[in-house]
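The two complexes that follow have chain A in common; it is paired with chain B in the first and with chain C in the second.
For the complex of A and B:
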C-alpha cells in the first residue's frame, strides 16, 4: 500500500497511462456486453420465461442438432441457457452494420457529435476510479520502456478523485440534451428536456449522499476514502453509510435513466425518447453510454459504501482486517460487488414499474434532498463525536 | 522523446487557452443560439483543462461541476425552448448593437491598460501570489489543493465568502419575483 513513490520519466508515465487506459476500456467493454446479456436473462427469469436461448432455429445447423436432442428427451435444453450468449455478437454486429441515418432537417454537426459526447463522458470517469489500492503487479525488467515499474490499480490517484468523477459524469447530460435538440423532432425534444431536468435535479441528492462519506473521511482522494470508509469508521457511523448507500443508489438509477426513472425514453409516451431519430452505431453509443454509466454508478457505490477492494461493507471491514485472505484488499471483491449491484439494476427493472414524471421530480426535491441534508448533518455529528477519525 | 513530451507538457496551457478563446469566438459569432451554447461549453471545458495544466485540480473540477455541469446545462435548457427567430423579427438584437460596441471598446481599453502596465510598467515590489504562506499552513498546495482552497474560503476569507452567498440568494429571490410578475 504505502510503497515508496516511484519516480518515472514523462515517457514512462505516458506509456503507463495509455496501458492502464487500454485495460480499463477492455474491462468496460467486456463487462458492458455481459450486462446486456445478463439483462436479457435476468429479466426473462423475473418474468417467468427463459430469456435469450438461441441464435439459430432449432432445426438447422449444429445448434439446431444439439438442441433437438434435448427437446427429444423431453427437456428444455440446458445448453440453451448459455447459448443465448452468441446473441451478444449479434447485438454488436447489428449496431455496427445498420444504416446510419441523419434526418434531413436535423442539425447535422450537433446530431453527429452528441452520441460521442455521451459515450466519452461516461468512459473518462474511469480515469479516477481505483480498482485496487497500490500496485497490482510489477513489470519485469525485460519490458522495453516500463520495465520494473508497478502497474497501479487506478490510472490517476488524484487528490480530488471523487469530484473529478462527479464533474465528468455531469458533462454526460449534454450528449442526451444536444442529441435530442438536434434531432429536430418533438418526441426527442421532450425526452431530452425530461432527461436534462431529471439529471440536474438528481445530481443534488447524489452529490449530497456522497458528501456524508466525504465528511466522515475528510478527504476527496478515491483510495484514501475507500480505505478510511472500510477500516476506520466507528460503529455508529455504519447506519449513516447504510442509509446514504440506498439514497446514492436510488439517485444512480435516475442519473443513468434506468427503469423506475427512465422518463427520458418512456416508450409508451415518447416513442423512444431522446434517441428516437438515431440509428446504427450512433444509437449504439447512447446505448453503451447508459450501460457504462451503470458500471460507473456501481463502481462508486461499491467503492465507498460496500468497501471496494476490502471485503466487508459499510465500514465493518476492520473486524476482519487480520483474517489471512479475506482481510487483504483484493480487486476481485471490487468487481464482485460491482456485478452484484449491476444485477440489482436489472432486478429493479424487472420489479418496479415506472414513476410518473411529477413523481420523479417530487422524489428528488421533496424527499431525497431534505433527507440527504439530514444525513450530512448526522455525518458531521459523528465526525465531531469521534476525534479518532483521520484528519485529511 | 523526453524533451518533446516535456515541451508538449509546458505548452498544454497555451493549447487549451487557445481552445477556450476559440470556443468564446464561436459563442459570439455563431448564428444559432444552441451553437453558441455549445461554444460556451467548449470554452468552459478548455478553461477547466487550463486549470488542470497549472495543477489546480480542485479548481478545474469545480469549474467542470459548476459551469460545465450546472450553469451551461441551464443555459442550454432555456435556449433550446426559445424560438430565437421571434426576437429577430422584433429587432431586439439590432437595438443592442451601439451599446455592445461601446461596452466592447470600454472593455478593450481597460484590458489593454492592464496588459500595458504589466508588460511595460515597473514590476511590483512584492510579487503577487494567490497563496500567502499563512493561508496554506502545513499544507502542500500542489497535492492538497482542495484543503488549501477550503482553508482560504472558510478561514481566511469567511466573511466575503458568506456575503457572496447572500448575493446569490438575492439573485435567486429576484428571479422568482420577476417570474411571478410576468404571470400576473
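For the complex of A and C:
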C-alpha cells in the first residue's frame, strides 16, 4: 500500500506540509459552513418547517432593494433566495463585522486567548487525520521544488497519531474553561465548570472505546489502524467494533457539547454558558471550534469504525475486496461517511432534548466506563484468540 | 434489571430518531415541489397564503346570477352587529318585489370580524371573504360602501394595497 519511502530535503518537506495543510484547512472551512447550513435545513425539515429560505427582507435594506428589481422582472431573486444558502455569506460577514466587546472586569489576556486556544486545538488535530492511505497523486517533474514527490492523504503519518489526536483534542477544554473564568461573570463560570467536569468525564469512555480498536490492531498509527480495522479483522471482532462505535459516538456528542449533552451552554439555565460575554469574531471562534470538533469526531469515527477510505464498515471490507470500483480505497468514501455522521449529529439534535446534569454524569461514570472496560476485555480476548492479527 | 437493560439498549432514542427521520424525509423530498407540500409553514410574502375555508376576512356583498344585489334590507345584520359598523338605507327598484339597499356602509376600522352578520342573514347575501391584508394609512380607507371604485362592498378593496403579494 505505502509507496517506497522517498527521501526529501527539509525544504521539500516544509513546502509539502504547507500545501497539505492548506488543502486540509480548505476542506475544513468548506465543510464547516456547509454543516452550519445543513443544521438549519435539517432541523427545519425534521420539525416540518423549511429552515432558512432567504437572507433578505422583501424590500428592506440593500438586498431588498436589489430584490425588488428581480421581482419586477417576474423572477425570484436567486441572489438572496437560493434556498437560504447565501445565509452562509451573511453569517460570516456578521461574525466579522460585529463589535468585539471585552468586559471591563474581565481578565483581558486570558479572555482574548481562550477562543483562539479552542479553535487551534480543534484544527491542529487534522495534522494526524489520514484521509487516504498512501499517496493521492504524484507531482509532475516540472513543478519546481516538489516535482516527483507524492502528495499524501495525510499531513503527517506519525507513529502515535491517535495519541496525538486525543492529546490535542483534550486541550480544547482549556479554551472553554479559561474563557469562562476570564469572563468574570457567574453564568459563564458555571458553564465552564460544568463543561470542565463533563468533558473530562467523557474523555475516559471516549479513550477507552478507542482502546478496543487499538488493542485489536496493536498500533497507534492512523493509517495502519484504518487499514487493519478495515481489512484484517476476524468476523467475531465485528460486534465489538459495532458497539464501541456507538459508545464512541455518544461520547463524541458530549465532547463537542452537542445537543443531548450541551451542558456548558444550557441556554435556559445559563444564558449562553461559557460564551455569554463573547461577541463578534471571538464568539465566532467558539462557534467554529464546536463545528470543527464535530468534523474531527466524525473523521475519527469514520476512519476507525466505518472503514475510512474503504467502503464497507466494521472490517467487512474483505467481502467486497474484488468488486472493481467499490473495493478500492477512495477518499470520497471517507468524506461520504463523515457527511453521514455529521447528518446524524444534527438529526440527534433535532430529536433528543437536553439531559439533566446528573444524568449526563451518571451515564458517563455508571454505564459507559464499565461498559467500555468490558469492551476492551473482549477485544483483548479476540486478539488472544486470533493469532493472525498483525503485531506492531 | 429491566431499567438497566432499558438504559443499555436505547430503544426510546431509536423510536425518537425514527419519528424525526420520517418527518425529515417527507419534507426533504417534497419541500421544493409545487404540488405536494408536507411542511406546515408558508412562504407568505412571495407565495399567496392558503387560508382555511372558514377564514373570516372582510365583509362582502353578493350578487345573484342576474347581477342583482341579493340584500333585501331586512336590517338583521345591522341589528346584530356588536360594534354597529353596518348602516343600511333601503330603497325601491322597478321590477323588483323586495327592497334594495341604496346605501350599505361598512366601517371596517371598528369591525371585529365576528361573522354574526353573515350568520344572521336569511338570504345569504353577505359573506366574509378571504382578504386579510387590511392595513391602510388613512381612516377614510376603512369606510367601505356600495359606491365608488376603490372602496366598494362587491370586490376586494383597495385597503390592502400595501400587500406584499401583489405589489409591483
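Keep in mind that, in the parts below, the second predicted complex is superposed on the first by the 367 of 392 C-alpha atoms of A that agree within 3 Å, B and C clash if a C-alpha of one lies under 4 Å from a C-alpha of the other, contacts with A are read in each partner's own complex, and residues count from 1 in each chain.
Keep this in mind: a contact is a pair of C-beta atoms (placed from the backbone, for glycine too) under 8 Å apart; a residue touches a chain by one contact, two chains touch by 3 or more.
Just so we're clear, the structure is a prediction, and the values are computed from it rather than from any experiment.
Look at A:18: by the touch rule set out above, it reaches neither chain B nor chain C. Contacts of A:101 after superposition on the shared chain: neither chain B nor chain C is touched.
In the superposition on chain A, contact of A:159 is made with chain B only, not with chain C. Which of chain B and chain C touches more residues of chain A: that partner is B. With both structures placed on the common chain, the touch criterion links A:46 to chain C but leaves chain B unconnected.
Looking at the shared chain after the overlay, A:340 reaches neither chain B nor chain C. In the overlay built on the shared chain, the residue A:352 is in contact with chain C alone; chain B does not reach it.
Judged by the touch definition given at the top, the superposed model places A:332 against neither chain B nor chain C. Residue overlap on chain A between its contacts with chain B in one complex and with chain C in the other: absent. The touching residues of chain A, counted against chain C in their complex, run 42, 44-50, 53, 58-59, 68, 71-72, 76, 83, 347-348, 350-352, 363, 367, 371. Remark: chain C residues 7-8, 13, 16-17, 19-21, 23-24, 27-28, 31-32, 38-41, 43, 45-46, 164, 167-168 touch chain A in the complex.
The touching residues of chain A, counted against chain B in their complex, run 9-11, 14, 107, 110, 158-160, 163-164, 166-168, 170-171, 173-174, 177-178, 181, 189, 192-193, 196-197, 200, 203, 220, 392. Those residues of chain B that touch chain A in the complex are listed here as 1-2, 5-6, 9, 32, 34-35, 38, 41, 45, 48, 57-58, 61-62, 64-65, 68-70, 72-74, 76-77, 80-81, 143-147.
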